[in-house]
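Okay, so chain A shows up in both of these, paired with chain B first and chain C after.
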Partner chain A sequence: MTGRRAVLIAAATVAAVGCSTSAPDATAPQAEPKSGGSLTFATDADPGCLDPHQSPTAASQLVTRNVVDSLVAQDPKTLELKPWLAESWTASPDATSFTFTLRTGVTFSDGVPFDANAVKANFDRIVLPATKSLLAASLLAGYDGTTVDDPRTVTVKFKAPNASFPQAASTAFLGMQSPKVFEAGPEAVCRKPVGSGPFVAAERQPQASITLTKRADYNWGPETAKHRGAPYLDLVTINIVPENGVRMGSLRTNQVDAIANVPPKEADGLKGAGFEVLAKAQPGIAYTLNLNAAREPLSDVKVRQAIAKAIDTEAVVNNLYQGKYPRATSVLTGATPGYASVLGTSQFDAAAAERLLDEAGWAKQDDGTRAKNGKPLSIEWTFISPAREQRDLLAQVVQQQLKAVGVDVKLVPLAAGEVIAKTARGELQMGDISFVRADGDVLRTVLTAPRGGAPAVVAPEVPGLLTAAAATVDDGVRKENYAKVQRSLIENATAIPVYDPTYLLGVGKAVHGLGFDPQGLPSFHEAWVSR
Partner chain B sequence: MRRAGFVLRRLASAVPVLVAVLTLSFVMMQLVPGDPVQTMLSGAGPAPTPEQEQALRHQLGLDRPLHEQYFGFLADAVRGDFGRSVQTGEPVVSAISAVAPASAELALFALVLSLVFGVGIAVLGRVATGPLRSLCHGVPVVFMSTPGYWVALVLIEVFSFRLTWFPATGDAGFGALVLPAVTLALPAIGVIAQVLGTSLAAVDAEAFVVTARAKGAGRWRVLLRHALRNASIPTITLVGTTVGNLLAAAVIAETVFARPGLGRLTLQAITNHDIPVLQGVVALLGVLYVVVNLLVDLCYVLVDPRVTADRIRD
Partner chain C sequence: MKRPGVVLSLLVLAFVVACVAVPGLLAPTPPDRIDPLVMLEPPSFAHPFGTDQLGRDLFSRVVHGARMSVLVALAAASASLVVGALVGLVAGMLGGWLDALLMRAVDVLLAFPALLLSLAVIGILGSSVVNVAVAVAVAGVAPYCRVVRAQVLHVRTRPFVAAATVSGVRPSAVLVRHIIPNAAGPVLTLALMSLGVALLASSSLSFLGFGPRPPDADWGTLASSGRDYVGTAWWLTAFPGLMVVCTTLAVTALHRAVARR
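And now, the complex of A and B:
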């Protein structure tokens, strides 16, 4: 570990010195975008399955967002919904039926035209059990079918209100793929999705790289984009480079043009060397620790509150993430529609935590631990391994903070599938989760169907509030209900928000126009290179 | 003729070894905590229904009695069918064959480097004098004891980020092969140099070496013609195990240098509890070990005329 750190520090110093002589290009006035050329991007995680209808991962969306278009576009800044493959849409007053008027002249990259039948084929396919959808199907919960009104008009129906459906339809998860590829079965789509997007998934080398080529006849970019025609870049190569230090060094030595997930502690050094570090706070569920109120000893609200007060989230974000990831102030991140600031100031108060534990009858022993009726105060924290964003280190920091007030935490790292299965069975005592989606309805996604590490028990009024929010197109009511849910989670201390996940993108000097989609992922459509 | 019979007998004796390997990997699947069905269904929106679970269990044949599952597994394995990856749904054989060439390329190049430099350092350690001789005796220990992860990062830092001689990552072309192969080869060079060096020193005192010298053979001739051949038996054994180690150590090299390969496939399969992929990899490694051992035995016959095919069999 020390050896590795030494090398990384050395790398940082050398790069800073080496580059200080050349004037950084980034300050030059924005030139006219130039067509042609290629961009090499290094990402940290293997995307695995490239079918957005199946895969729930951000790593996969990094690729698929550039390959599939959606009916609706969400503005990355205002989060407003704008036309994309649908020119317009209307919702029924009870939010159970949505009619889309489709754009004409759009084709998938295999030549199949995009029309009402294609929309129906996509939604019907997502909910089929054979598709094995891990996320998209839950965005279509209560799906009651799609009717083709005419070649450019479709109506999507739900059994229960689903007011956030147009936003869901703007994600790549519900993106439109050529119905022809579905015939080859889900595994084939995993390897090669076919959409109508600005890029075509051309070649894939397992564990190594994915190549995207330009769709030259693309001219149906979303209304939210400055540039709606064919992408400037001819070629985008996405290399999978898991090692942080190697990814950083490759960017510094111009072996790659841009990199995913700059480690927060490296961001300033990279900027100092003349590179750009773009930060995008991700909308959705903040990185949150969850306490299962159905399991001893966490069934006592005082114990849960004590744990919430014993964790110094301010110290965690400052020491572990150099403040590059903001401290979370609610279960929703600040970038999410429906966000309400619940924890304007940190609730950290170790003395209060000790008092609460005393009141709850957990007496402090001579060795600093606590016990009640001879039973030690000990909880099990199950988290996903391998962990991203140093969450394994974070768990150790929190473990120490809780030890200071006499709570013993056992860390149990498990594979993602195991954590999810354990959550579903209600066996989790303490878990953690974050979840990207640019809509307050993400609370319903996470709280009503148990997801890996999500709170298993919520206050009785919460499901009603979420259902009511989903049933109305009145933004005021939705905002109010989401605020109530966020406050309830903190008051009951079933959820302890820690930080707002933030995507740090390292960008080389020759790259311009690399942007983020509303989910906080880099998008290559408007990017260009000057060299 | 006798040699052909020898090879055939060795191949026949490999069958029980492979069956044992396959049996072990089947037992492994039974012992690993976690239920493959739940892993496959987990995360699929709402919690899976018992009917869904039952259907998948039946589809995978997991509802059959254990002995039926075992013989079914063996029969499939013999046909080269290890089922499909739990994670990607891809057939295991195609998942493995997609990355195997990259692994083979890396392991072979690393093996060549280990042999050339391992033997070179050992021979030089006998011939050279002064500081060079001490260097040749000291270097193997250093090579053997430096952790691969650290070596990989240092090599990237120096040869890719500063000198920009080789690309840091990827598997495009020969240049990308050099740094990971050196990372893999270093410990093997150390072991080979040390073992061969020790054997050479021991052989040096043998009567036939003294005789050869007395007959006026030069230093190089004695070393290469007489000593090296006699000292090489332990090293040949060692090279056999080295091939296995190269595949095992590849995990680190592949991860740091972002190369595709069996090591990363295995690591991924372990973290995702992807048992079918693991079984496929284990079986492949089993076959490889058998083949390498066979080659090692053949080398004995070639190097040492006293070792006949018949005597090896005993």
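And now, the complex of A and C:
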């Protein structure tokens, strides 16, 4: 689903974070981390449900990643998988069965010990229809049950190969929660998830704030973390401040310590005022426009190609995002394993677009629009509102660019739920999506299950390529298949990649060690404040 | 010049009417022309109201947005007038249990704050420009019912109505020839004021995101889209907001002038 729903998995913790600006370590290279104190963070969206097994949103992940631990951790730099709650694991050669050896001495914050039975309870619960999982269950596609071999050994089985399962297990979506909370039902877990993470979800005021308190006896941080013990901060308050202007003002006046999603336009000004702006290119599906080949007039490949060529993505990225978000060169972002650069140069060519439309029989009228057999060339673009990352403005720019070649675009902003429902009914003509997950398998997640805004029709060989990629542990084969799928999407012009989403985090002067966790979201575990 | 306020109001309204009638003449720049070279420019000679996030000329957008804003307000105010006058007439003429029933229904309507009522209507009908007009109209019906009913009751007791009735004029003719013309004055004065209220209400609903779809924009959506830039680009919210304020003030000032006579 567009954007916010995101499996943010990826690459860059504290050390790797300096991709945009001075390395964060520069502010506190020698300083010894100080325990105690509190941090106030302003984010842009209310997370809604806080149960990672149910909610697919990044807003929810921001909270839950700090509350639940996973079996496996993904290294932020190398994207390698490292032990976390599982000390080691093995996969069967056909990638249908995975055996995990668990760490001992781990407890959930309600006192329940973490063991093999807890792992089974979690996975069994995720696939249960009553859980109403919007994403986690699809990561367990083909789940055939978990067997408890002994208290610290479990085997997870699948009916079909699922080679990317260990990576999926490193996301908070498949994070471990106390089996005791499941008894209270999905709604209760939405309000208050209970995990074994470094923080405990404490108070919550809907649409206002969420408080996380320190888990003092935490000492099972992932192998990928520099600091694996209890967090330095006693208290993290996450305020929900949807207006960009207010969030920026709160940071500038030191009312909050750090903010999510700095508008690209404001990034330089913020740096000039002595704040840090940390950028993290997100792995997964780039922000992509999708054309539904099942609907007239987009069933004609020439019309789709014309639209793809009429959109000047270079101009969009430079004007709207000041180049802070890179132009996408494939459906996958550059930071994703399996990425293949398909569009080394922009495919923008207005003259070619006009030619293709002429060939397809859409003749230009006197008023600049096009029509065929008396029917005007008009398509409807449904997108989620309120939009983030100025996607509503982007839509208006694209609308103008398409108008220039005679394609009339009607913009239909709808609430997220309505967009999903419309996609499910197959009514979407044009949609948009971005989706974060540090594995090429994200293509399978987006293309084979109905997702809001995703392409509904793909070339006939695509599902086979994706299934084959999921069935092998051979990275060469996977890379090749993912590259073929990416090329196919561009050739068929069902997908038009626009930009690689980039998380811009604004950080105040008193904050140190706040970076992106392996999932690509701000992580509070290693953060500390000097004041 | 005895009444500078009225003259000023008329000037403002003349400008607004010109915006509605011939926007292309006042602002030849197309309102949706994107120009990346002049993004977020402050007001200047070339762009009297500045430019927006996409380099579109804000003056042109405000001028072209007038039609949507004013027509929605006009439609809402007229619908309130027609429906409210009908209900008031029926209640006033027929009296009895129907009068009591209608007036209690009006009491219920009046019990809700107008904007809340409009939001409830939008919540039921869904958001579109037409529904914004309907929502504002529903919220504006109650005062008309009250005023028309009061006028009808007042006029009915006048001697000339009694005279017409006893000399055998049909009730419908009494209504059309005697009651309506004599009850109309205060109602039309109220209509002027409610036009201002309707403009304010429809702009508020647009500001909240229930208005026209991009790239079309009325004053409410224009002000709303500049919200994120209040600190850095004040003109984005200030000018569309000023247009709403000036037009509403002008209409209200005119209403007062008319009411005083």
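Just so it is clear, the second predicted complex is superposed on the first by the 501 of 531 C-alpha atoms of A that agree within 3 Å, B and C clash if a C-alpha of one lies under 4 Å from a C-alpha of the other, contacts with A are read in each partner's own complex, and residues count from 1 in each chain.
Note that a contact is a pair of C-beta atoms (placed from the backbone, for glycine too) under 8 Å apart; a residue touches a chain by one contact, two chains touch by 3 or more.
It should be emphasised that the depicted structure is a prediction, and the values quoted were computed from it without experimental measurement.
**Q** Is A:400 contacted by the first partner chain B, the second partner chain C, both or neither?
**A** Once the two structures are laid over each other on A, A:400 reaches chain C alone.
**Q** In the superposed arrangement, which partner chain does A:412 touch: chain B (first), chain C (second), both, or neither?
**A** Touch status of A:412: second partner only.
**Q** With the two structures laid over each other on chain A, which partner does A:263 touch: chain B (first), chain C (second), both, or neither?
**A** Second partner only.
**Q** Considering only touches as defined above, state whether A:473 meets chain B (first), chain C (second), both or neither.
**A** neither
**Q** Just to be sure I read the superposition right, which of the two partners does A:134 touch: chain B = first, chain C = second, or both, or neither?
**A** first
**Q** Go through the superposed model and pick first if A:45 touches only chain B, second if only chain C, both, or neither.
**A** neither
**Q** Name the chain, either chain B or chain C, that contacts more residues of chain A.
**A** B
**Q** Looking at the overlay, what does A:56 touch: chain B (first), chain C (second), both, or neither?
**A** The answer is first: A:56 touches chain B but not chain C.
**Q** By the touch definition at the top of the document, which applies to A:350: first (chain B), second (chain C), both, or neither?
**A** Neither partner.
**Q** A:386 in the overlay: touching chain B, chain C, both, or neither? Say first, second, both or neither.
**A** both
**Q** Between chain B and chain C, which residues of chain A are contacted by each of them?
**A** 243, 245, 249, 385-386
**Q** State the interface residues of chain B toward chain A in the complex, per the touch definition above.
**A** So the residues of chain B touching chain A come out as 34-35, 38-40, 42-48, 52, 84, 87-90, 95, 98-99, 102, 147, 149-150, 153-154, 156-157, 160-162, 164, 167-171, 254-261, 264-265, 268, 271-273.
**Q** Quick check on the complex: what are the chain A residues that touch chain B?
**A** Residues 3-4, 7, 10-11, 14, 42, 46, 48-49, 56, 129, 132-135, 137-138, 141, 186-187, 190-191, 205-209, 239-243, 245-246, 249-250, 252-253, 255, 385-386, 415-418, 420-421, 424, 449-452.
**Q** Which bits of chain C are touching chain A when the two form their complex?
**A** 32-34, 36, 39, 53-55, 209, 213-215, 227-232
**Q** What residues of chain A sit close enough to touch chain C in their complex?
**A** Spelled out, the residues of chain A in touch with chain C are 243-245, 248-249, 263, 266, 315, 318-320, 385-386, 390, 392-393, 395-397, 399-400, 410-413.
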